[in-house]
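This structure is in structure tokens; I'll ask about it shortly.
Read from first to last, the chains carry the letters A, B and C; within each, the first residue is number 1.
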Amino acid sequence: MTTTRIAIASALAAALLAPMAAQAQGSMEKCYGVVKAGKNDCQTATSSCAGTSKKDAQADAWISVPKGACEKIVGGKLTAS
Amino acid sequence: MPLALRELQAAFAVHVVGGERADLAGAVMGDSMSADARLRIYRHHVAYSLGSALAATFGTVHVLVGEAFLRRLVQSFIGQGLPVQPVLTEYGADFPAFVAGYEPAASLPYLADIARLDWALNVAFHSPAGRRLAAADLAAIAPERLPSLSLAVPEGATLIGSRYPLDRIWNASQPGAPADTVDLGQGRADLLVLRRSGDAAFIVLAVGEAAFVAALIDGKSLEGAAEQASHADPSFDLSTAFARLLSLEAFAALQQGAEGEG
Amino acid sequence: MRPAAGIGLRSPHLAEIGRDRPATGFLEIHAENHLGGSPARQAIERLRENYDFSVHAVGLSLGSVDGLDETHLGRVVELVKRLKPALVSDHLSWSVHGGRYFNDLLPLPYTEEALDVVVRNLDRLQEALGRQVSIENPSCYLGFAQSTLTEPEFLAELVRRSGCGLLLDLNNIVVTAHNLRLDPRDWLKALPGEAITEYHLAGHAVNDCDGEPILIDDHGSRVGDQVWALFGDALRRYGPRPTLVEWDTDIPALPVLLDEATRAERMIQQVRADAARAA
């Protein structure tokens, strides 16, 4: 084995002895649990006979601007207009 | 002459995504409520339900742009491509690319990467948990053979690299997040998204760690990955990084015969 | 399975049901929500120790003229073989055309041609599963001029030709009857009652359509009085069956849903007691 390879082997072997719990703490963002598992449920709440055509969607795409948590994301941002 | 069922379904398919088929209204019984009005209920439902599914899958995009903008964004996307199978959690793989090219969102250059993160979390969540590699599994292997080992990330895991601080943007978009701003100037983020036992999660990786994981995903051995990581970040500490990734259960358990030689 | 009242298992309630295991007749899941390997699917597999299950598909598109999607069918078969539910069902509707899915239960004309299509698809489904499947009457917002059969006649023919069961959704009868100007009691009378394997109950919304009220099957509220009354009629006419309360939009706290199922259970017990007295 080359010297590099020996160094890599011992670094990997040393990793196996490291205490585990301390490493993992605070490292992960919990994202979502089982509450998100139901997209094929029958959600029809706002169904009415109001029109929704291709033309509607295209015509008003530019009317609205993003308005949400993006207001908290600043810097390096292109200006909208 | 009534429409044959094949023609009727073809006409209905055009109608529900917003197209016009005059022959369809003629096939529908109207009374004080017109055939057109009745047909529009179905059109509205298709748009609403597919839009709601996308809004749920791309929850962080939703929070970032708000309800009104999101509804228009998803409607435009649905107009370009309906699901090709009926499972709604599997609908939207092309949405991040669509967001990247969506002109009205050009002022939010990070939005497409956030959509990739949302999608990766969704994929991970619906993937089997699978057994993970533990340090103890490797302890049985002679140390000199470790460098030639190939490791895989768990099924459904995705490595995402972005020019933008996706983890901070994601955190700022969570319910109850503080009003603090996120500065895009904080730079790039590399995230490993993976299934855990009860949910999906992401790990924020340092530059060297990300190069290490990317090389392993490409099929390189631990030795090759370590070299790639040192190249990406000269201060990369293999032992610390490997211990951290193992403790986070970032690798799938070894398959039989996965220990290569050479 | 016992003819008791159960609830639709929805993901916001999954943790609570897993922890408390409340008493209820059975649980019904939507097949398309649990085809992957998510933690929810694992939780459901654990619940099999305590509950009877019903698998209710929403995406097989039994009315599609092009036949069933074999890939999707295979996934549903795998789920059913794994969970071994007491009941399996989907709807009298279609939802895919040319390989594109609409996620809606779209209406069929009730013609001989459509009958042939649905029978062919049902035969394939029942063959693939190796068991009987029940078919649910849809909620309709329109009718086709070319229909030559009524909906109950169409369902009766399906039962006769394919040997399928009927999942009788009382809310859908009320919704369809209102929207298509039919009498729900006449609708109910015209069925082959012995084929009924399950009842569904749910709430609906009243929306405005060009100034006229239209009933929308939104599963977003308590079961309405008219639906409870029609359920009573069905119980007296056809007898008790496993009965499901569904709630999908604005999902309430679990006790509210269980309370609705308890009301259905009381009606089942009452009809059974009345029948025993009369005998």
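The rule is short, and it goes like this: a residue touches a chain if its C-beta (ideal position, glycine included) is under 8 Å from a C-beta of that chain, and two chains touch if they have at least 3 such contacts.
Since the model is a prediction, treat every value here as computed from it, not as a measurement.
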item	value
Between B-C and A-B, the pair with more C-beta contacts	A-B
Per-chain CA centroid nearest to the all-protein CA mean	B
Chain located farthest away, centre of chain B as origin (C-alpha)	C
Length of the line joining the C-alpha centres of chain A and chain C, rounded to whole Å	35
Chain A and chain B, separation of their C-alpha mean positions in angstrom	7
Separation of mean Cα positions, chain C and chain B [Å, integer]	32
Shared-contact residues (touching 2 or more other chains) in chain A	33-34, 36-37, 39-40, 43-45, 47-49
Sites on chain C at which at least two other chains make contact	32-33, 38-39, 58-59, 103, 209-210, 214, 216
Chain B residues counted as touching two or more neighbouring chains	17, 33, 37-38, 41, 45, 49, 53, 86-89, 125, 198-199
Of all residues in chain B, those that touch chain A in their complex	17-19, 33, 37-38, 40-41, 43-45, 47-49, 52-53, 56-57, 59, 62-69, 72, 75-76, 79, 86-89, 104-111, 121, 125, 135-136, 138-139, 143-144, 146-147, 167, 169-173, 177, 179-185, 196, 198-204, 222-223, 226, 237-244, 246-248
Chain C residues within the chain A interface of the complex	10-12, 14-15, 30-34, 38-41, 43, 58-59, 103, 205, 207-210, 214, 216-220, 246, 248-250
Complex contacts: residues of chain C adjacent to chain B	32-33, 35-39, 42, 58-61, 64-65, 69, 71-72, 75, 94-104, 106-109, 111, 113-114, 117, 141-146, 179, 181, 209-210, 212, 214, 216
Residue ranges of chain A touching chain C (in the complex, touch as defined)	33-45, 47-49
Residues of chain A that touch chain B when the two form their complex	1, 5-6, 8-18, 20-21, 23-24, 27-34, 36-37, 39-40, 43-58, 60-70, 72-80
